[in-house]
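We call the chains A, B and C, going by the order they appear; numbering starts again at 1 in every chain.
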Amino acid sequence: MAARTGGRFDLGRAATADAAAAVLPVRHVAGVRTIDYAPARLNPQPSRSYYFWMMAPAIVVLAAISLYPFFWLVWMSLHNVEVGAGPDTFVGFANFERLFTRDRKFWNGWSLLLQYSAMCLSLQIVLGVLLAVILNGSRYEKILVTVILMPMMMAPVIAGLVWYYLYNSTFGWYHWLLQSAGILGETSIVGSTSTAMLGLVIVDVWQWTPLITLITLAGMKRVPRDQLEANMVDGAGELRNFFAIVLPNLYPFLLIAILLRFMDNFRFIDVALTLTGGGPADATNILPVYLFDVSFQYFKLGRGAAIALTLLLVTILLGMLLVRLFEGPQSRRADMGSEG
Amino acid sequence: MASVRIANVWKYYGKTVAVKDLNIDCPDGQFLSVLGPSGCGKSSTLRMLAGLEHISAGDIYFGERRVNDLPPKARDIAMVFENYALYPHKTVFENIANPLRLRGTDGATIERKVRAAAKMLEIEHLLDRKPVELSGGQKQRTAIGRAIVREPQLFLFDEPIAHLDAKLRAHMRGELKLMQRRLGTTMIYVTHDQLEAMSMADRIAVMHEGVLQQFGTPQEIYNQPVNEWVAGFVGEPPMNFLDVEVVDEDGRLCLVHPGFRVAVTAAQQALLRQRLSGREARMGIRPDEVRIATATFPGALEARVRVSEPLGGDMLVDAELAGSRLLVKTRPDFTGGMGAPCWVAFDVERWHLFEKPSGVAYF
Amino acid sequence: MASRDVVAYRSPLTTALHVAAGLFVAVYLAWTILPIFIMFVSSFKDLLEAFKLPAVGDWGGVLVFFDFTPTAKHYFNLFGQLNFATYFRNSLAAALGSAVVSVVLGSMCAYALSRIDFRGKKDLFFWIISTRMAPVVAVMVPLYAIFRNLELVGTLPGLILAYTTFNLPFAIWILKGFFDNVPYAIEEAQMCDGATRLQAFRSILPLVAPGIGAFLVLCVLFAWNDFLFASIIGSGGAKTLPVATRELVQPQNIQWGSIMAAGVVTTLPMMLLGLLIRRYLVTGLTMGAVRE
């Protein structure tokens, strides 16, 4: 090994100095041949610019397709932009004012979106967790889980079309089923204001309950076994074990599932557009559907932008919550690994 | 309080056999240690006692009661887990109170009992904390608190102090022993550390590869190991083993090795005459039962120092005796350096002889 | 050693619960599979047979469902007259294109993000993830305007770029988690052995390759199943399967047979892909928050 003296390699004793001398400046200090010790050049730690260039392409593309549209959106929300209605005029916050004070459909859209999400999520959580508890550790777990997750692979718009067919009041099998069971009359489930929302919820539950099951199953595999067993020794039966140990360990997972599904309800309106298009009589006109209509049916782009910004704002707030949770279950597990 | 009887118990995991035909009787109030290396079936045994594993064959009795089909909650036991298994979302108080809560004990009694247990374990000041805020030793005390608060008829300990540092471990050994004597509850304590077993238990069950090797007091296990495996597993530093031949010299039996030819004692000869099955055998002797010196003495055998390790109070000499390795524990003033000649002698009263290849002890 | 599962003891209650659980699973399975099954069978039915339904309350009449002569004419119709071969190619090109672009750019970015720390990294990271979460309808209008200015509307490159808006942040976010799990020491050892930085980066790629492959597939799946982008940005020259299928719904004449056949054509490949990456599905669908 090279003997290091005062930040220099002493070449007189350095065994590896020849290699170093090839790249490093050689000097003579007090008659001893030395080289300057340059850690930055010997150390293989790459410089930051290298990483910067690796990051740059993705960041540039992302900025172009997200930041730029965002500022455009802000600009539009402050203007009266309407396709085929003359030049855009600056209107200040008029678009927002109209939304918050006069637009009943806007508030109705939010309220319906919340109702819709609440119904979907409560059903999905109950069914999904129940399914996960039953399937967990079962002999057929693998094959059954594979089967139940099939609906998730289907394009939402196709799912919408299939269910449109199933709900049809003259030839739909599910309509026949519901009618025969005495639940429905002649009108299709999506044809009546009182049941249309339920019709959408059923499709969402059908398609996305498996996600809750998958998340719950992943969570259940992480429930520390020795806690379960300690609780059993302490005197708990299976049911108490579930509520005292399993469920608290599942909360963070369920919270993530809820947030993800909630945000997807902002994103995906394919089913609603296909099945009801917001009707009948606005009974399923959830906010994103309303936004779609304002922008692409009435072409009131300025108002649309204002609605879009409110949606974005809520998404970002939820996203912050979610990101905080991301650091949750996985890393918390790591902490607990040592103490069980 | 209850005695524990394990009768012809087997445990299979699929096709793997974890416990083979185990029989153990533990009288009421005793401290029984199950000792063995990892994978010897000791944890499986404990888990079957707790009701955390089904028993593949055989029976387990607590007192007169057969417990095979009882779930853990009906067995009236308490268990301390290797990783403590504390509930991270509950405070220390609630952790300790958990078994009482699950039995519907009233609040005042819980308060009193938890405080008493915490006082005994010196963790009263920690009752409001969560497990993540505790050190290893404090977690372990909490786990013990949870076990003793209910006054069960049987304690099960699964390597409870394996994860503590060496100093704390030594301290806890004394405390656990004291606690068991004070409570008088039957305790079954699983460990891979022979020091823990030797220092705490009334009885030790040594297990290896699912089979009970020896069951006896610590002294019996140490002084009269039933086979070569037990002899090698118990004791630190481990026993020396040398291949020898048993030779009859004019009616006197001798152990012959390239480096020595030593006659056995009269008592040993009597045992050998009954059971000796072949010429080949294994001689075993503990490192502290070999005398070593730098100068010759009567009856000494010449050996060579390979390396010596001063341990402070003792000196451990790794010697070579005619091609065989011999560990010797001696006084720290031994001066033989590396490669120097030395002289050794065995305490023939204390040596052991094992049958080859079965390893069963002759004496 | 211990059994795979936590021990369970039999009692009349647990037996009853087991039976109830079995029933529940059976009913759930039926409810999951039926829509897919009906779609599949109906795609082989002639129009009149597809509309046959027993009288209300006539439970015995369910067997009418199976009373048909299978015909593949809807599939011939799709690929013969309705140009679905082109739409299939469009779907495939757009999905695969955006997946490859996203994963290549994404893995480079994720790698860098995983290896250095700088001020504002958290904010940058949040911005990346929020672009993925942003509701499509919200950003559609300005995006459309931009794409129109660049003459990308109705073209495959346009659609690929559009899909990149959600696939790229997804890839970055997910793959960073993967690179975080690769110890930096491996690259350090490589570089000490004389590898360049790029070689060191390449040397750890095999370690993350299965993950990268799986998320590439997942990106394909997300893009393939999209409807909104395809219907607005891709309309015209880059029509994809979901859009084409949706267009079969016309006010006067809904071609149910063809719709069901198109549904099968669109869904089947994705179900197979889903099976292929089954192990990574949870991680992917929860943005890496939950791992199996």
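By our rule, a contact is a pair of C-beta atoms (placed from the backbone, for glycine too) under 8 Å apart; a residue touches a chain by one contact, two chains touch by 3 or more.
As the structure is a prediction and not an experimental result, all values here were calculated from the model.
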- line: Most remote chain w.r.t. Subunit C, using mean C-alpha positions, is B
Statement: A student comparing B-C to A-C should find more C-beta pairs in contact for A-C
- prompt: Quick one: most central chain, C-alpha centroids?
  reply: A
Message: Using Cα averages as centroids, what's the distance between subunit A and subunit B in whole Å?
response: 53
Task: Compute the distance, rounded to whole Å, between the mean C-alpha positions of subunit B and subunit C.
output: 57
- prompt: Any idea how many Å lie between the Cα centroids of subunit A and subunit C?
  reply: 14
Statement: Touching at least 2 other chains, the residues of subunit C are 2, 6-7
Statement: Among all residues of subunit B, those touching at least two other chains are 51-52, 71
- request: Give me the residues of subunit A that touch two or more other chains.
  value: 229, 232
Message: Quick check on the complex: what are the subunit B residues that touch subunit C?
response: 13, 16, 18, 39, 43-44, 47, 51-54, 69-71
Message: Help me check something: in the complex, which residues belonging to subunit B touch subunit A?
response: 50-52, 71-73, 77-79, 81-89, 98-99, 102-103, 131-132, 139, 146, 150, 156
- request: Flag every residue of subunit C that touches subunit B in the complex, lowest number first.
  value: 1-3, 6-7, 9
Query: Across the complex, what residues on subunit C touch subunit A?
result: 2, 4-8, 14, 21, 24-25, 28-29, 31-36, 38-39, 42, 50-54, 56-59, 65, 105-106, 108-109, 111-113, 115-116, 118, 124-126, 128-131, 133-143, 145-146, 161-162, 164-165, 168-169, 172, 188, 191-192, 197, 221, 224-228, 232, 241-242, 245-246, 249, 256, 259-260, 262-263, 266-267, 270-271, 273-275, 278, 281-282, 285-292
Interface residues, subunit A side, partner subunit C - complex: 44, 46, 48, 50-52, 54-55, 57-59, 61-62, 65-66, 68-70, 72-73, 76, 127, 130-131, 134-135, 137, 144, 146-159, 161-166, 170-173, 176, 179-180, 206, 210-211, 214-215, 217-219, 221, 225, 228-229, 232, 238, 253, 256-257, 260, 263, 266-270, 274, 288, 291-292, 295-296, 301, 304-305, 307-309, 311-312, 315-316, 318-320, 322-323, 325-326, 328-330
